[in-house]
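Right, I'll just put the structure down here and ask away after.
All chains are identified by letter, namely A, B, C and D, in their written order; residue positions are counted from 1 within each chain.
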């Protein structure tokens, strides 16, 4: 949506929700681009809390070029991040709107995921300024953009970890169940699974949680079959929030059901951090520049997206109301690779 | 092009030209997929030499599942690689054709770059079997595929190296000129340049070699301006084969012309090796499976490609006769980032 | 202990217990050195199981130079590893001895930790050949050697993981409790703690398990104090097997006792794998060569050790009966750093 | 040397000469320890230039705990570094002394290498304050300390680079000559050589520059012999400043003399940067604390050292006047490994 263009003088910027590698690269790009257009950038800290909690409002500050000088390669976010329950209440939204008005903010850029964009839409209903979302989440679960900032790094962190686990799994010819992040989507799990040659992928896309009992039985049989027909390691990658009780529970169940010895690894928060890979740095840089250009062009209520390699604008609603599924081509590829390896007799 | 389908029993497979991370992942995928279709895979070693030099022909062997068991994460190629001048001569081509006939090969898959595909086309004119190219080169300079196998890893190796160089450059507030691979294209240089926040990118896309003298003058002025207006490091990334004499020469010229002290770094062959990043492993896996499926489907004379995330078939001619340019969007993004940073007063 | 030297023709070699990065480098060095002395090396697989279980005995094989050609940089062990309960029974020991006699083994080298050396001593009582231990365990818990193979790599894997966790911890100003391996020693925990600037180190060396309740109280107070006096992340590193219920339980207890929100990360098996760092490659190479030289020199019943940078021989008993403690200098250094940071008001 | 202890109020701190990973960890430790003793730390920038050039003197500032909060893992140095020719002139030394007096500095800590310590000794002759050196250089060429800060990281950067080069070298069965840093010592070259299983090590310790012609001949023969007797890659690591014209020249000479095709790689400045490995972080932390404690204890004219794992004090003269040689044990180990591999027939 385009609003009547006015002279933009101050952009507000915050990072919200789970941090993702590349958020700093996006912050840098926003500041550089804004500087080009003679626009000030005010950084708010700790996510939306920076708009609603006095202590944090007081910490908001103008971001200069020096502030973003050496951050493109750093994980985390120099603006800090947080979840902000207050933004789900009317009073919180009004406070946020008041802060933006008091600080003469013309437009607000929020780097985050769908929860953050829901807050942004709610804010838009109250506040006159332009609102722009930049997709920053390792989960890659925002619709209408090929990638979100942080996803590629998380996948690479996952494969580096599993490459290490594979060493022990090979040495002991052992079964490992590795639980990966992704909230309620399997993007990380599927990509890591293919890239580290996992023997099994358990994710939302290829398994319904209603069938847990049947799946357990099937899994036990497949593992036993594999262990009889060939020797070697057996790695199952698994999406978090998929299996009741997670990897740890599944290990117990396989032991109880069929005497199978497995080891659970919950990779956890190492997947959120670290220096971003090239893809995330470039994506974040392009998106940050594009967000500022969108503001200058009078846009509001949109998310910056990458679609088939090209920057584009997507209505915020469209980004969060639709689910984004792992491409069926990828699921099929994994299934067919699994089918192939299932017959393996080495 | 589709040929009348016949029963495929044996696929020949080789890797040719400069090695690229992910070639092993592609080899694995070809062997797994062929196994699924009850097709044998014969691996030829040392590129096309494996088809024309007796010593190497004798080393060709059937690839089993165990041979590809733990290679998805390894750089290099288990089939070895080489350039093969003999393939540019008639006698060499005939020898290659004879070898394929003698070994009852029905189809040949070559993983390599444009030189390798030129050889493949020449071979196709003599030999009855199906020929399939899989794009494997760090240079990403094959047209009609979004990415080639190895490119993403090379870019990440480049940024990891430059992140290290940045530490010293910052500590000494010094100018570095870093020369990157890419043969005659700037894909690596441009992507690395953006991802490591290089102050300058010198590549085929934004600079014509005819203008070297003018460029030198301009470069010296920009460096001096930057050093006066702000303190800090200044990193120029530069495509190999672009500047007469390369980075080392440019360092001398900047010193002679304007007394500017720079340090040259030629990253060299570290860019070819290393464990492939997730993108290259997944791309290689999908392409390897797709190559076998194309053979089963009766295809010949094609390159497997990824276009907007989807596997597709491209006539071999189209892959090599057209140049593949760095996307103008990327060049523009870099130029605008540079324009922004050029004004920097920090 | 030196035995009357005889002509050594065949060395048996196995890796036992938890795998450790650098075991392959040690295998390589043994094979190279043995080749130099015209001695054959027979590799037994799956730890001591390779001496006692028929299926595995059958897989033992002569290790050639080609077998160890490209393994110095690989994690895991090409000889596989395992725990072997049979070696704690008389029948198992006799079977092992019989196997060594049948295969005309003159000397046995075992790369492993204290459990493996206990088995080796028991075997020595039955079998006439020479026995040599090479310390390979990430835990660094063998006395009389400065370092064990694998320890340095595990420490570096730990700091790389925590550097990533620090990004999120900083972004959210959050408390993380990271559980590290080490069995019953704190070598990994202490070294990682100092190297990643952990705010707290909980390990066997600075805390007795009897004082859990008091420690919990103290910990809660220190965290609250830190959070009041300064903002930022707070990372506790913690040895496995130290706290009843581990990091997960401690998180619950801190929440219940004082309402403190923490996140638990159990790094797990990523610490066992991965390409060895330089220190482990060099240590393993020197130890492997030294082990063969010790055999040629008629030694038996010893562990190869590094003491103040120099290779030496230690009686096997001395390696396993004495505990090896984290140097008090390191504990003191960490305590004093913690004392310093405790006063921090930033 | 101990001086009559007086109340220390202000410590000056600077980093000088080539930067080394871990310098920031040392800066952090100095600031933490000084804070513990209620001592202020004044950071001077750009090495000794911060004491002698007005523009830089003006940038000196008190280092607070917040300044060193998240730097333990960062390469480079937040205080910047530089060579400072002015310190070799009387006027420069007097200016430095004057600055220290004007700023009421009681003691000066310099983190650097032997050039930096020579300056420190000269300064000591003029200025009344205490002077302490902390060994920070990747070259490890300071006598009487087992390690210098940065050395371990540089070695690991070297092996990671050569592991990558090995992929291509294996794929092409090619000879590579890799030139490593080290100024006039072979510590990096020898350690990298062993750790990456280099086929040849050329360094000051095993080769005199007078014998270049003979060595060239010998090298050519060894390479040819290796290429005949076995196939595979052949990697020569080589110390910088050793061979006239360096690796590039040697490549030309081997081609001219014997038609051997090699590729030169000059690793260059990537060896100076990057996040420090655990060893360097811990060493730097201990040394930084120890330097402050030495000042409090009234010491002056000393270098902090690590000797057999223990912190100690060494007269500055002793650190710079004696050369520090690569341990003959390491040289011998490499020679014997080379002797072993030279016979290799794989």
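By definition in this document, a contact is a pair of C-beta atoms (placed from the backbone, for glycine too) under 8 Å apart; a residue touches a chain by one contact, two chains touch by 3 or more.
Keep in mind that what you see is a predicted model, and the values were worked out from it rather than measured.
**Q** What is the chain whose Cα centroid lies farthest from the Cα centroid of chain A?
**A** D
**Q** How many angstrom lie between the CA centroids of chain B and chain C, rounded to a whole number?
**A** Centre-to-centre distance between chain B and chain C: 40 Å.
**Q** Mind checking the centre-to-centre distance between chain A and chain B? Centres are C-alpha means, answer in whole Å.
**A** For chain A versus chain B, the centre distance works out to 29 Å.
**Q** Please tell me the distance, in whole Å, between the geometric centres of chain A and chain C computed from their C-alpha atoms.
**A** The mean C-alpha positions of chain A and chain C differ by 35 Å.
**Q** Please set out, as single numbers or ranges, the residues of chain D touching at least two other chains.
**A** 163, 166, 170
**Q** Sort the chain contact graph into one of these: line, ring, star, complete or other.
**A** Its topology is that of a ring.
**Q** For the complex, give me every residue of chain C touching chain A.
**A** Residue positions touching the partner: 15, 18-19, 21, 46, 74-77, 80-82, 157, 161, 163-168, 170-173, 176, 263, 265-270, 272-274.
**Q** For chain B, which residues are in contact with chain A within the complex?
**A** Those residues of chain B that touch chain A are 28-29, 32-33, 35-36, 64-66, 69-70, 72-73, 146, 152, 155-156, 158-159, 163, 166, 170, 191-192, 194-197, 232, 275, 277-279, 281-282, 285-286, 289, 308-311, 327, 329-330, 333, 336-337, 339-341, 343-346.
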